[in-house]
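These are the structures, in structure tokens.
Next come two complexes built around chain A: one with chain B, the other with chain C.
Moving on, here comes the complex of A and B:
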């Protein structure tokens, strides 16, 4: 082994010693330095690991060669599988985008040579250096397939997503991972997600990735028939404000809101009153209606939030898009819940949208009228995506 | 991102600007960068105050950051470093408020003798934390109305603030307030912005 090799080996051992010793290691980064100052380039302060930049090129080349040669030589494969791990650690920390390195770790896990828990830590460390590493996220997802959903601390996962999204803008990798968490985790996290996304939006006003997640969250809430804290006096205040803004009549109670949004349904329920429908179906249905009100209220809240942000920061594309997405959520679900007739199936194949007979619902007519005041461009959008017909 | 990074109070003389107090929030930077970022923010703040005439308001954009500066006619100056998305109006109102409170705490004949070690001004970190959310500024609306936005001069880079013949790169290399480490960060940052690199 030449002198450079010895040096690289020493640095790699130093890095691995820190990773092994410090189980709470929170970040890794490459620290820019101009010269080799003739001391160890591995810096370890308060659970943060730094590597001076002058040596990066050497040790990456060295680790890469070691890994590749271990893959090709069959002998080593049988002898000591784990000797390659230290090179994998360094290689991936410096360059997290090599899929085959991650794949080798997966193989080692399958042979029980690596611990799942420590691997989770390692992927987290990689994310501290590159918050947009989709490989690290997908590795974490793969690792979770070995654990039962109950044993996973999902709030930690949410925390990682939050930090990664905060560090680099438009981090759809992090938000996609969070959507995956949403599907897996128990409903208990939903309430805090509503709160956390609002907080995130207020801080990252023009980063649409978060708005997109929040909209997906809203769809997910309605799918799960989720609602909470709806018995307060002002539980539907945003929705109430929205209705009152659009319409001439004023609503104040929950029943009045329901009558405005779902007139046919309320009628039908009153007539039926449990005689024909089984108790169970009726109850399920009532849950759905509660969730409908809750989610529409949230959408109305977001519309108001977008308007407020616009007043404070000036116009942004993200505000407008999110306001539209929220409006579409309300309109679409009113249409669905009321069972409004389709009058023109798939008139435009690109958007796969149907034209509905809005005249059946007075509230939708009122929405149409108030949205029409927001300018020609918005009217075009409304007619294309909500099916509002302004020609008449 | 809507964020305030640092707020500083300076005393400006004809040739120089002396730091009286500063507060910063650098949690969003990675651990090993924080020291260099702190030095650079100090460097940029001082440089800009020195090049701002009394009774002048400026907002200087540098990359994703915005340096808002105001020097009062009595030579007390304030610099606020924020993200470019932080509302400019709120930023300038906040500077005015901070400087007013500083002047209320210490009388103007004390300023020439003061330095960072002797000044105690706990309002600074408190305001930095509070006004991270610009909606907190609603309480300042009355002051905001007095502030005429057209009087704020906008500059697109720090270079635009410098006097004739001055070069930012030279100033950074010559500066005694910046450590070797910070200068290395500056060089790498310039390089990373121009082409791909490991760091």
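Moving on, here comes the complex of A and C:
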């Protein structure tokens, strides 16, 4: 091996020694360094791994060549599979985008040459260097297919998404991964997600990806008929405030809210005496209605939050878009829920948006009137996205 | 209240002249220095890099500056003998993204018969899932980009009958959001690049009636910033590649005139590197072949048919190639 090769091997071995020994290794970065100071370019300080930038090109070229030759070598197929891992580690830490390098790791997992837990750690390390790495997130999702849902610590996964989103604004892959977690994890994470996303928005006011995620979370909550803490008197305060802002007649009790938002459903439920409907269906409806109130309240809360952010920071696209999305959630679901026919066999709400004559619903008319005051562009949006007709 | 917007300042003295020859030289010389570190680092997408180079030179009628035989030979070496799929480079694994890029290059060179087409069709077909979505490769990532790649490949190869188009459409529509846009998977954030893939998909499959065009066009028009440039999502900075993704989507929907062309053209020209040629993502940054392709493509879509051949918005290839192949993706006219 030539002098260059010897030096590269030494550096690569140093990097791997840190990865192997430090089980709490939490970050990797390339440290911009102009001079070769004739000492090891590998820096290890308090669970952080650094590589001086001057050697990156040589180390990468060398690792890359070693990986390529191991693919073609017949010997690799026999025993020394894992000898390529030290080069894959370095290659991927420097260039996380090389899908084929990740694929070699997957093949080694399948052959039980690499352990799932350590690979999760490695992917996490890559994310510390490149928080937007779609390959690293994709690898984590693949690794989870080897574990049962109960054994996975979903809050750790959320934490990774949160940190990656924090480091890199509008991080599409981090938020998209978080959506994947939302679909896979048990309902126990939902309450903290409601809290964490509000916190993130207040810290990163123009990161639209978070607002979008929070909206998807809202849709998911309603789809799962989720609600919590609805028994105290202030449970639906945001929704009450929103209704009272739009309307002349004020509401204060939950029953009054229901009558205002869902007049047709309330009427239908009152007409049906309990003996006609099975208990199961009635209970499902009740759960859905509770979730409807909870979610609409959250949407109304977000509308108010957007108004507050606008007052604090000035008008921004994020605030405007999220307020509209939240408004649309309320309007669309009032329409859908009022379209429910309460009959014995059918227990699921009508999934298609009914052609709904807004003039029949006093509350929606009031909303339309209130939103009309927000300017011509907003009226155009309401007309296009909510079906509000302002021509009359 | 006036909105606060993330945007760039186009410097007053940035040139509004198109440096055509410089761009030709930039692309023709790209990749000549094999030792260039950036070149080595981007090996994992080489096939797409070649497609961007071939297409942009062809737009300027200079594709003869590249070595056709060498490129075709490279593509042949990149076809996986087992799966039929095509890799981005020798030594890398096959993937649907690079399979599309390779097919697009071969169509440009009218050389589809140089590789095993049946095997490519088998590869794409094997990636379709029961919900209509497509994996990118055998490792199982799903993304609407792959749906676009699949139908684009199969249409160029005239093998659409081998995939379940109706289920593929159902999956793409399941990625449609309340704001009218599309994301990479169901419920994912609307993103101009992914919108292009989904609108392109519906154009190829002649299902554009599934779109709520007015809502989507609203969202797309919101992408234009005061500088004239287009961003890909709310609150992001303008980027020249979105000039293509947004513009092509609007063109397919017959609403190209809904954004200000003059201001956009201004922005695109300001992204040129006056010394080396090529385009960067925004004014003042380093150019690369990816942004060069989309900057030039956008200028053609905006109507410059003096300097450029006409571009087909669905396939992101010069129109004459689609004409030669007798392929007519659906386009709406207002």
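The rule is short, and it goes like this: the second predicted complex is superposed on the first by the 376 of 392 C-alpha atoms of A that agree within 3 Å, B and C clash if a C-alpha of one lies under 4 Å from a C-alpha of the other, contacts with A are read in each partner's own complex, and residues count from 1 in each chain.
Keep in mind that, in the parts below, contacts are C-beta pairs under 8 Å (C-beta built on N, C-alpha and C of every residue); 3 or more make two chains touch, one makes a residue touch a chain.
Everything numeric in this text was worked out from a predicted model, so none of it was measured.
J.: Go through the superposed model and pick first if A:43 touches only chain B, second if only chain C, both, or neither.
T.: Touch status of A:43: first partner only.
J.: Using the touch definition from the top, say if A:95 reaches chain B (first), chain C (second), both or neither.
T.: both
J.: Which chain, chain B or chain C, ends up touching more residues of chain A in the combined arrangement?
T.: C
J.: A:61 in the overlay: touching chain B, chain C, both, or neither? Say first, second, both or neither.
T.: second
J.: Tell me the contact category for A:266 with respect to chain B and chain C: first, second, both or neither.
T.: Neither: A:266 stays clear of chain B and chain C.
J.: Of the two partner chains, chain B (first) and chain C (second), which one does A:31 touch, if any: first, second, both, or neither?
T.: Only chain B; A:31 stays clear of chain C.
J.: Based on the superposed arrangement, let me know which partner A:121 touches: chain B (first), chain C (second), both, or neither?
T.: neither
J.: Which partner does A:209 reach: the first (chain B), the second (chain C), both, or neither?
T.: The answer is second: A:209 touches chain C but not chain B.
J.: Considering only touches as defined above, state whether A:247 meets chain B (first), chain C (second), both or neither.
T.: Touch status of A:247: no partner.
J.: Return first, second, both or neither, reflecting whether A:16 touches chain B, chain C, both chains, or no partner chain.
T.: neither
J.: Starting from the residues of chain A touching chain B, keep only those that also touch chain C in the other complex, and list them.
T.: In chain A, residues 57, 60, 95, 206-207, 313 are touched by chain B and also by chain C.
J.: List the residues on chain B that touch chain A in their complex, please.
T.: Listed in rising order, the residues of chain B that touch chain A are 1-3, 28, 30-33, 85, 87, 133-135, 180-181, 183-185, 187-189, 198-199.
J.: Note which residues of chain C are touching chain A in the complex, please.
T.: Checking each residue of chain C against chain A gives 1-6, 37, 40-41, 43-45, 87, 91-93, 95, 137, 139-141, 178-179, 183-185, 187-191, 214-215, 218, 222, 233-236.
J.: In their shared complex, at which residues does chain A touch chain B?
T.: 27, 29-34, 43, 45-46, 48, 50, 53, 56-57, 60, 94-95, 128, 166-167, 169, 202-207, 312-313
J.: Can you list the residues on chain A that touch chain C in the complex?
T.: 57, 60-61, 64, 68, 71, 95, 97-100, 103, 106, 138, 142, 170, 172, 175-176, 179, 206-209, 212-213, 216, 219-220, 310, 313-318, 320-321, 325, 328, 332, 381, 384-385
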